[in-house]
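Each chain gets a letter, A, B, C, D, E and F, in the order it is written, and its residues are counted from 1.
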Amino acid sequence: QDSDTTDTTKQDELSLITETPEEGFQVAVQLARKGVTTTQPDKDVLFMLRDVYSKDPDALIASSHVVAVHYQTVAAANNYWRE
Amino acid sequence: QDSDTTDTTKQDELSLITETPEEGFQVAVQLARKGVTTTQPDKDVLFMLRDVYSKDPDALIASSHVVAVHYQTVAAANNYWRE
Amino acid sequence: QDSDTTDTTKQDELSLITETPEEGFQVAVQLARKGVTTTQPDKDVLFMLRDVYSKDPDALIASSHVVAVHYQTVAAANNYWRE
Amino acid sequence: QDSDTTDTTKQDELSLITETPEEGFQVAVQLARKGVTTTQPDKDVLFMLRDVYSKDPDALIASSHVVAVHYQTVAAANNYWRE
Amino acid sequence: QDSDTTDTTKQDELSLITETPEEGFQVAVQLARKGVTTTQPDKDVLFMLRDVYSKDPDALIASSHVVAVHYQTVAAANNYWRE
Amino acid sequence: QDSDTTDTTKQDELSLITETPEEGFQVAVQLARKGVTTTQPDKDVLFMLRDVYSKDPDALIASSHVVAVHYQTVAAANNYWRE
């Protein structure tokens, strides 16, 4: 709510409400990653794994799938940004 | 909103609201691809991967699945284009 | 809407609204296939792939899953054909 | 609607509306199978495949997943059999 | 409805309505298993398979996924046990 | 409801209602794990398995997927924490 702290708190404070469908998509991506880091918090392992799966078609499609599920949630939260 | 820029902004400005179920399906496809490019933004790698998975039945079905999830979102956003 | 062109336009014009749950299921199947053909439009490759996965239990179940997701959408669009 | 033909038409005429959650589950199972038979209509191939995947844990879980998705649809159609 | 038969009929009569989120979760687990036993009713085969997949990470996650889908249904049926 | 027992009862008493989207995400993670422990309650086996799948990209994405499904449920339960 305090506009001049928006940028710094973006990563700390999770919110499903966004201005645009595009921003909502970024929240969905953030949620998908959060689901991975919760299980594997070690950044070194994570970067190594991302390097592997970013070249694996199946993993890329599976990641896109998780984003799609979260995007349903975010879009519903924002009443699909109608109007 | 500015009608003579619609075509050029189509890729820039994401919207879930469409005129027809067919257009909505194209948005779902676009969202599924956006989920992949967010994880792997390198176009060369992406084209190579698409070449591989477009001949792999499992990957094709998995892609179709992601589109289906997004289509649920888009269809709900448009009240299923009833009437 | 023009009843004597219904049959010929069925494949061209996508609609989620159907008379019966059975017809709705056919739309869900059509949407699942549309998701595949969008990624791989080459008919020859598609027929070859369908020949492979129609004998693969995992692929058959995965296909049935995609149909199920689309059927949720179609059923909701039709208010579940209540009454 | 014609009550004395209910049993014989059960397989022909699909309906999402059921008396109980148990019957609804059977409809979900029926829909999951319908999704498979639409892609592979050959009964001999189907029986052979079912023999294989009924002993494969992954395929059993995947089948149960498809039933779960359809059960969401059927349960919503019946307002979750509340009251 | 007949309170002194509740315990004995629990397994026979499926209901999505529960007192608490915890009980609802148990119904979701029950539904996920029901989806498996419908495809493979042989108890001996089932026990053997469960022994295998209870030590397989992928199968455990896949099982948890099916429970999650059913939990959506059960939670919605109970209006998320709000209040 | 008894505020000074909140912390100790958190693990015992499951609730979908949370103050913030962040807390809701933790409930989704808890539900995903609960789905795994229900099938494999042996803590030793579970720790061994988690060690394996926390280094497997596919398993990490699959885990994130299950969290996403539960997050849909939790977010809906909280009316998406709107306002």
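What we mean here is this: contacts are C-beta pairs under 8 Å (C-beta built on N, C-alpha and C of every residue); 3 or more make two chains touch, one makes a residue touch a chain.
Keep in mind it's a predicted model, so treat the numbers as computed, not measured.
Contact with both subunit C and subunit F is made by no chain of the assembly. The chains that touch subunit D as well as subunit F are E.
Between subunit B and subunit C the CA-based rotation angle works out to 60°, given as a multiple of 5.
In terms of their C-alpha centroids, the spacing between subunit C and subunit D amounts to 17 Å. In whole angstrom, the spacing between the mean C-alpha positions of subunit A and subunit E is 30.
Residues of subunit A found to touch two or more other chains are 50, 53, 58, 62-63, 65, 69, 72, 76.
Viewed as a network of touching protein chains, the structure reduces to one closed ring of chains, two contacts apiece.
Those residues of subunit B whose C-beta lies close enough to touch subunit A in the complex are 13-17, 31-36, 38-40, 45, 49-50, 52-53, 56, 58-59, 62-63, 65-66, 69-70, 72-73, 76-77.
Listed in rising order, the residues of subunit E touching subunit F in the complex are 20-22, 25, 29, 50, 53-55, 57-58, 60-65, 67-69, 71-72, 75-76, 80-82.
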